[in-house]
Amino acid sequence: MIKAGIIGATGYTGAELVRILSRHPEVELVALTSRSYAGEGMAGVYPSLTGYTNLTCENLTPDEVMDRAEVIFIALPHGHAVPVATRARERGIKVIDLGADWRFRNAGTYEEWYKIQHGNHELAARAVYGLPEIHREAIRSAGLVANPGCYPTSAILGLAPLLKGGYIDPATIIIDAKSGVSGAGREARVTSLFVECNESINPYGVTSHRHTPEIEQELSALAGKEVKVTFTPHLLPISRGILSTMYATLVRPASTEELRGVYEEFYAGEPFVHLLPPGQWPHTRWVYGSNNCHLNLAVDTRTGRVVVASAIDNLTKGASGQAVQNLNLMCGFPETMALEVPGLCP
Amino acid sequence: MIKAGIIGATGYTGAELVRILSRHPEVELVALTSRSYAGEGMAGVYPSLTGYTNLTCENLTPDEVMDRAEVIFIALPHGHAVPVATRARERGIKVIDLGADWRFRNAGTYEEWYKIQHGNHELAARAVYGLPEIHREAIRSAGLVANPGCYPTSAILGLAPLLKGGYIDPATIIIDAKSGVSGAGREARVTSLFVECNESINPYGVTSHRHTPEIEQELSALAGKEVKVTFTPHLLPISRGILSTMYATLVRPASTEELRGVYEEFYAGEPFVHLLPPGQWPHTRWVYGSNNCHLNLAVDTRTGRVVVASAIDNLTKGASGQAVQNLNLMCGFPETMALEVPGLCP
Amino acid sequence: MIKAGIIGATGYTGAELVRILSRHPEVELVALTSRSYAGEGMAGVYPSLTGYTNLTCENLTPDEVMDRAEVIFIALPHGHAVPVATRARERGIKVIDLGADWRFRNAGTYEEWYKIQHGNHELAARAVYGLPEIHREAIRSAGLVANPGCYPTSAILGLAPLLKGGYIDPATIIIDAKSGVSGAGREARVTSLFVECNESINPYGVTSHRHTPEIEQELSALAGKEVKVTFTPHLLPISRGILSTMYATLVRPASTEELRGVYEEFYAGEPFVHLLPPGQWPHTRWVYGSNNCHLNLAVDTRTGRVVVASAIDNLTKGASGQAVQNLNLMCGFPETMALEVPGLCP
Amino acid sequence: MIKAGIIGATGYTGAELVRILSRHPEVELVALTSRSYAGEGMAGVYPSLTGYTNLTCENLTPDEVMDRAEVIFIALPHGHAVPVATRARERGIKVIDLGADWRFRNAGTYEEWYKIQHGNHELAARAVYGLPEIHREAIRSAGLVANPGCYPTSAILGLAPLLKGGYIDPATIIIDAKSGVSGAGREARVTSLFVECNESINPYGVTSHRHTPEIEQELSALAGKEVKVTFTPHLLPISRGILSTMYATLVRPASTEELRGVYEEFYAGEPFVHLLPPGQWPHTRWVYGSNNCHLNLAVDTRTGRVVVASAIDNLTKGASGQAVQNLNLMCGFPETMALEVPGLCP
């Protein structure tokens, strides 16, 4: 039994962590921090948790959390996790950060895209990018894991086998991604209102979204050379779910069947990544509330391209579920512990 | 470990049973029957189950299912469960029927509202109405449990404490209920199409819905005299969830606080029924995918009425979750086994 | 051609006014006020209006608007319309207020429910409640029209024929109403976020909603005696639409057919109120974006009650469409001008 | 005043035609045909039309319709419009076909993708593709107009200026399109059920959708050489709306500003096509229920690509609105007649 704290517990990813950890047999939650809801019961903020947690939200300092916890999850706006994680590592406490602060080995890239200084380049260089299907062994021994962004998780899992195997031209990659509104968080903003999102879809952050360099860092490592992508996120009237549809030109002709074999081999034994049968394209609701990633692909023989689709739940595999998966690896628990449920469907 | 079969596995309640039972440590699913999908993998019909079941849908006779299973769930259109359950009881096999065939102690009431003959009045009189919060002890020793309808579950749980305690005039009960579309099943009908349901709400079955006599049977037993209600169901653009808003005139003045005490006592120790704090009215998404029922109430002192709201997930507590709760009771497993998860929220 | 201004143009009711008036052949919009968006084009705030208006939002004083306009619409939070309308009437300018400030003949009732002082009881007593189907002649000659609330519009239209004709016991009225999220306005609030509303329904304001006394004022006038109702609003995951389901006990037995005749007579010749055929219950999407009100009813012979359902679009007949209908009456234009479109369905 | 008939009036595009034409001052609807609903009032099938049409659906032969009408709209499944339009042209009756039968100048392409024989290659070669922004003059004098598909309308309007001007490499075009469920029609199919579509997005018809050759025919004509595209449609939980996000490689560096100028010039004077201001990306709800197309674009300087987004309402500009626009052109009415309304937003 390990003691865990969540710093920033009342956002959507924080609530999702509590939901998942409430049934984790090896984790005891000992601290939930919140400024806005300090003094309120977590089950008052998220009544779905009524009967599942008696914890009260507290306005604790990071050190106060570390006094109680052996591992901390950080779910704060970017910029805020740098000092917290730095301090935690000094105290030997394990950290899983759900934000962007530690996702870049080269903190200069972070500074360029996020327009703020990063206070600890040295530690950034040693943090581990927490995508278990790519970095499992490094995660097992990591003290600081940078939990991947939701879009990058779906995109990297979708493209990794092709890039690793050299099947596609890295200069031709286009990622058209569609996300549910929970990705925008629980902040009260006009653009996240029901009436503004319902019955609509729109692109945003075109050519400039901050998940672009994160995707490129990982794809470049897989390809063994620098990769630049065109990435377009869209906002979709669903609560949870990301679908990424990806396009790339094959470097030599290949059949759908041949490429399916590449994926099957690459993801053999993976508990959460599933290549669906031929012709069965991912629906985000099939992974709703689960830690699964569903994939499929087809070769467009008319144009020499491959089309890949990848579906995850942005709050689970795209955030808090993956964070628990990383926790399990870091603590030596079974990797799927507390994450065994199928998607909530229908 | 008990062997279980599902007759009619590919409707929404069947799929929900498979979802829940896939993580039940004491149940092994041994048969899934389907006419439409015979020969297909259950995970092909519901790809959310990919990796959670290897079972194939089969067009089996009931006796073939009973050759394999010690307990059967029946998820068939009404009328079809009478011969199946009759045969199962002859063979000593436990039965949980998710349809209406066994919900009436007086099968004549069933015949009047469902407009078909019931072939086994004698067994109907002995079947147990599977609402554990009301009939727990009878369920434990039952061989045939009639799993309640979704609307009745929400309505009866909402009104039981008031009727049992004699706080309201049974002649004044009005139940205004709102259901998600999954309640209409997976049959391809124009009225269940996305475009017909989206951005809309409508009443249906006004003054004539078949759940009316089921509600009345149970409320009458609680009140100790015949109760007739006005019940109006509505169709709502959500997949899962029922909210019942209920109105009744108090027989004598009472405060909200006093009536809260009545509910707290009535449901003390219940694992799935939660009276929310004062002023926090149930939202169906708070119980999404869970077996919970959330309640709240207020006295309208201006008119002498009490208003009660009750929220459940129609597929879980309103159908398959409650069926597993009944299974647990019938088999001596912990009542909450495989049902411990909070609502999937946000 | 009349010159009109909108004070508070960038909320949802303001935008709906602009949408409707953009095709009104007798109205020229000459001023749109907004604090938040002063200096921005209205079509920048609501890009759906691109090509339909070149007006810029301005932070004007009420008097500056009145310098340009012959009639003003006020779409401000309650409390703010009292001084504006008072001044406008001094200047002889016609006013249609979409808020609550002028809806009560007895401003004391307003003060009791809205918890603020009303600065002009005398003018309040002379304002006209702008429900044309009930007060058409008074509206024609009014200088100040209080546009009804959305819930009251649906409820009063649904119950008026029964109360006027003395068919129901006024002490037994229950109104269970369901509204789309646009009724909460465009203010950035957590409770109006997509993720908080989607896949959910909940009651709110139980026993205390401020539309209660407004409904009671009008129903009392129709009944010829004081009426108190139990009114429960619900929030629904649709953008537009209100469905009110209403219950009352008949004072003597009556058939559905007989009561249909009462409605047909009461609403004979009404352009916007439609009693649907027997058994066809209103769906809010059938009136989506239109100024129509769809009604139906049935007698529950088992309990001696009548059930009435009434559907409107809360932003159109429930707010801005009705405001334009009132404008048409006040200015002598054809009552349906600019409001002739059917619901946007499918 | 022209007499018009609709063959296949009770599908979604038929209902949308009736909705629009109900306020067309120069069109009198004289016949609505339907097999499923013969004998029922159109307002019974679509109650939103209550008060707007008294027409009854009839099971008429095409010749019976032509006996009454001077122009006919055909809204039938593909294959069925060939004999109807052939006969109409023999009788000199104007035809607007909303299906695929007449969209291909080379009927062989149709036969290849639709897998059926086309009975009138000669007439197909002379039919006019009814996209007014591209073929306005030909439409004016046409007897048979093939109304474009919904996806092609959005894609072609989005790419036409770039291809016509030679700014992009035609071999690099990728079209990632997202459609509301009404595009699937009103047929009762499991895949169109609310529960199957809600809270989900999925690709379908990957590499094989029948709108591909239609897009290619028109893009090839614009480019002056053969164009092949990768086209991926997606199903989205909205009722109406298509967003197409398009990608292509620039043949030489160009700025967003420069390309904006190209679009402004190409669409100068167009009543329905609007290039939104820089940074304001199209939302489908902004064109909801209108005949508008909203566009925007940006150059991705990092990769040398241009990204274009195009939003329409699939039932209006993508089907019935465009059909009325074509009717207006064919009959010499003002092109925007009955189509002047802005999007229904919020």
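Descriptive notes on the structure:
As written, the chain order gives the labels A, B, C and D, with residue 1 at the start of each chain.
In the analysis below, a contact is a pair of C-beta atoms (placed from the backbone, for glycine too) under 8 Å apart; a residue touches a chain by one contact, two chains touch by 3 or more.
In this text the structure is predicted, and so the values were computed from the model without any measurement.
Steps from chain A to chain D, minimised over paths through touching chains, total 1. Compared with chain B, the chain whose C-alpha mean position is the greatest distance off is D. For the pair chain B and chain D, the distance between C-alpha centroids works out to 45 Å.
Our note on geometry: chain B versus chain C, Cα centroid distance of 38 Å, whole angstroms.
Centroid to centroid, with C-alpha atoms defining each point, chain C and chain D lie 36 Å apart.
In chain B, the residues that reach two or more other chains under the touch definition are 12, 182, 186, 195-196, 198-199, 237-240, 283, 285-286, 288, 346. Residues 12, 15-16, 19, 22-23, 44, 46-52, 182, 186, 198-199, 239-240, 271, 274, 276-277, 280, 283, 285-290, 292, 294, 315, 340-346 of chain D are the ones that touch chain C when the two sit in their complex. The part of chain C that touches chain A in the complex is made up of residues 12, 180-182, 186, 188-190, 192-199, 237-239. Across the interface of their complex, chain A is touched by residues 171, 174, 176, 178, 195-196, 198-204, 206-207, 228-230, 232, 234, 236-241, 243, 245, 247, 281-286, 288, 298-303, 305, 307, 309, 311, 346 of chain D.
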